[in-house]
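Take a look at the structures below.
Consider the two complexes below, in which chain A is the common component and chain B and chain C are the respective partners.
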Partner chain A sequence: MSFDWSVVWQHRDALAAATMTTILLTIATMAIAVPCGIVVAVVRLYAWKPVAALATAYVELFRNLPLILVVYWAFYVLPILTDTGLSPLATGLAALALNVTAYNAETFRAGINSIRRGQLDAAMALGMSRVQALRRVVLPQALRRILPVLASTWVSLFKDTSLVSVIAVTELAYVAMQIRAQTFRVLEMLTAMAVIYWLLGYPQAKLVDWMQRRFAVAE
Partner chain B sequence: MNTAPASRAKSARPRIIRYQSVIKRYGAFQALSGVDLDVHAGEVVCLIGPSGSGKSTLLRCTNGLETIDGGGIEFEGAQLPRDERALRAMRQRMGMVFQSFELFPHLTALENVAEGPRTVLGNSRAEADERAAAMLAKVGLADKASNHPAALSGGQQQRVAIARALAMEPDVMLFDEPTSALDPETIGEVLNVMKALAEEGMTMVVVTHEMTFARRVGDWVAVFDVGRIVEQGPPQQIFDAPTTERTRDFLSHLGWSG
Partner chain C sequence: MDFDFTVITSHARFLGSGIVTTLVLSIASGITSLAAGFVVALLRLYGPGWLRPIVVLYIDSMRAVPVLVVLVWTFFALPILTGLTMPPFFAALLGLTVHLAAYAAEIVRAGVESVRPGQMRAAMALGMSRAQAVRRIVMPQALVRMLPAFGSLLSVTIKDTAIASVIAVTELMRQSETLAGQSFQPIEVFTFAMLVYFVMLFPVTRGVDLFYRRVAHLGRS
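Our next item is the complex of A and B:
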């Protein structure tokens, strides 16, 4: 069996553009899923019971469905719900954000719960409102504590963006598969994909490790 | 049995806090079973008694961290409000110091002290930092402003916590066993800060196991047992001539010899 690695180089522009889409998709998903995750977690913990139950139902639904199913579901259901044709990219982003928000909500909830009661008492004793106490005292500590978990969610997400290739989002996996189909260079393209994902994923993981050390809070 | 106040030097001063038949339950457990106590301006009132007798619970009810189930608590002439917003306004005038310090670990000493003025009083950063620096100097920790709590000893942490409460310029300070979590050698530095505060005329309610402090600095001492005050009076009475068996018993268990 002979290999022809030039196929990777020939398609470098398409691969580069697709890689950029993968990165942007990851960033956009987290940019939505972190603040939304905080909101869902806070609603679950502090909101009026029926509203909190809604947040719980949301988390339990999306945490326990395969992501690829959510992606397909978004592809077929969102156009009906919104009555407009969303682009595959927007649809993929919505599916990823729904999934990751549910995970982040659980992470934030665990983080908030891990901050001992006395911290909230101390903030309240100063005259802070519950919202101020959360924003100024509880969340900053919780955020530092869960940074490693958010980081591994980030790295998983970076790889999981490949799942939106099933609805023809032109990210790295989809584009690589397209090239494979046109050139029949299966192993070359799969290897190229693996190398690109790894080269991008590894530094992200390391960066997060560094952030964790940098922002660690000693008790 | 409450005894009639024998001599209460500051009893003519305005009443800052009045507890009237305060009742507090946790489920089936009754933590406070009708507590009556007055705190006058400039007084140091010490709450002593065995663990679980309700001293800390009373303190936590004072600024509304816990809600009472019966009776009333008056602060500066007004009942403690139920409304969250009004309660917050009242809390700002009461400083609280916790047994476990509860400094904010992600902030420096200066930021800890400046947090209340900044977030609650809406001071500018410069104003809040200036006030915080002054408070740290007051507790003798001007040189530790940029340290995080983890880089401070227990005694230093508790002094920062006192400075944090003082930065809100409270009318009364509530101390919840402020030295119970400290190494013996750092207890003194915290008690000295508290003593200096008392000498400045700060009104203080102090839950403590430091009998020497209660004896020397306290103006009034209340002895708690199973959710009640079994005896209250000036320290001379409580420590030298207790009128109830329960007080004598408690003090003898501590090895207090008068």
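Our next item is the complex of A and C:
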């Protein structure tokens, strides 16, 4: 067996660019999925019954589907349904956002439910509208409680971005596997890919542990 | 747009074999990762001191690396290192077990740590050995408390088997992808796959929750 690790260094620019795409994809997905998650959660809790049921159906559906299937589905079906050609990146972003929004909605719903009903009543008794009470009283308290859960969703999302490699989004997993196919340096490239994910993911996992201790709700 | 779902019925055997593989892989990796998770957690909690940092590093590393990366590495890179080639199914089983055992271990640890230390001390004060106290007093209570988390881990396991399609395991995701490409009817095929996965996954989480509600009182102390 002979290994040639210089292949990793030779492709450093491509790997760095791909790593950047992975990070940006994570940030962009979260930037969409947090506000959308709040909206879905509020709709589920306070909207007119049939609309709330629709939101529930969406959340339950996407929480019970493998993400990779959603990615394939978005890739093949979105262009037919919308009649527009989306780039792989936009398709991957849409699939990830659909998935993470469902998880975030469930997190926000649990967070809002964990704030005692009296808080909302008290805010409304002070003359706030329901929307005002939610925005100023309930949500700020709920947010603090669910921060560790959101952080752990963030880490899952960071890892799940690797799945959009199956529709040729040029993120880390896809690019590393492309270089592997071109150079036949299988072990070196796949190990490099794993190490880059580890270097980025490990501190995030540790940060989540810290947040879980720091923001733990004392019963 | 017209839909023609006869593509599903005419390839029922092909898709059916995919469903069977998904189920077999899910159950097999569920069992192996549960068993491995228990061993890892017990080593972390009660094992020799020098081993603990290694166990913690393993668990945290698996939480940091995507399951796709673990699967691809196990299937393509590991044979180069060991000289042994594995059929895709066993590579998937190995990769999924290595990945999911870390999560199972964290569930076991959280369950054991949730049992108040007084229980352990009381058992040892009654003359039990440490191993006896863990087996007879701590574990029975901890096991009940772990149930909901194991339920969601099982649903994660089923979802993760779909990623094994990347290393050519002929489970439902792979078969659907192949059929979608051959038949040029991706909407019908993927919608069917969605339905099947939903039908497999939804009862798992719901079923475990319902079961837990009936046995939750056994875990209180």
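Note that the second predicted complex is superposed on the first by the 203 of 219 C-alpha atoms of A that agree within 3 Å, B and C clash if a C-alpha of one lies under 4 Å from a C-alpha of the other, contacts with A are read in each partner's own complex, and residues count from 1 in each chain.
The definition used in the following text is that contacts are C-beta pairs under 8 Å (C-beta built on N, C-alpha and C of every residue); 3 or more make two chains touch, one makes a residue touch a chain.
Not measured: the values here are computed from a predicted model.
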Clash-or-fit label for the pair chain B, chain C on chain A: fit
Spot which of chain B and chain C makes contact with more residues of chain A, would you? C
Given the touch rule stated above, what does A:Asp13 touch, chain B (first), chain C (second), both, or neither? neither
With both complexes overlaid on chain A, does A:Leu163 touch chain B (first), chain C (second), both or neither? second
Just chain B (first), just chain C (second), both, or neither: which does A:Ser129 touch? first
Once the shared chain is lined up, is A:Gln141 touching chain B (first), chain C (second), both, or neither of them? first
Angle chain B-chain A-chain C between C-alpha centres, in steps of 10 degrees? 100
With the two structures laid over each other on chain A, which partner does A:Gln119 touch: chain B (first), chain C (second), both, or neither? first
Rounded to whole Å, what minimum CA distance do you find between chain B and chain C in the overlaid structures? 26
For chain A, which residues are in contact with chain C within the complex? 1, 60-61, 64-69, 72-73, 76-77, 80, 155, 159-160, 162-163, 165-166, 173, 177, 180, 186-187, 190-191, 193-194, 197-198, 200-202, 204-206
Touching residues (chain side chain B, partner chain A) in the complex: 63, 65, 84, 88-89, 91-92, 94-96, 98, 100, 102-106, 115-116, 119-120, 148, 150-151, 161, 164-165, 168
Which residues, counting only chain A, touch chain B once they are in their complex? 118-119, 121-129, 132, 136-137, 140-141, 144, 217-219
Which positions of chain C touch chain A when the two form their complex? 1, 60-61, 63-70, 72-73, 76-77, 80-81, 155, 158-163, 165-166, 173, 176-177, 180, 186-187, 190-191, 193-194, 197-198, 201-202, 205
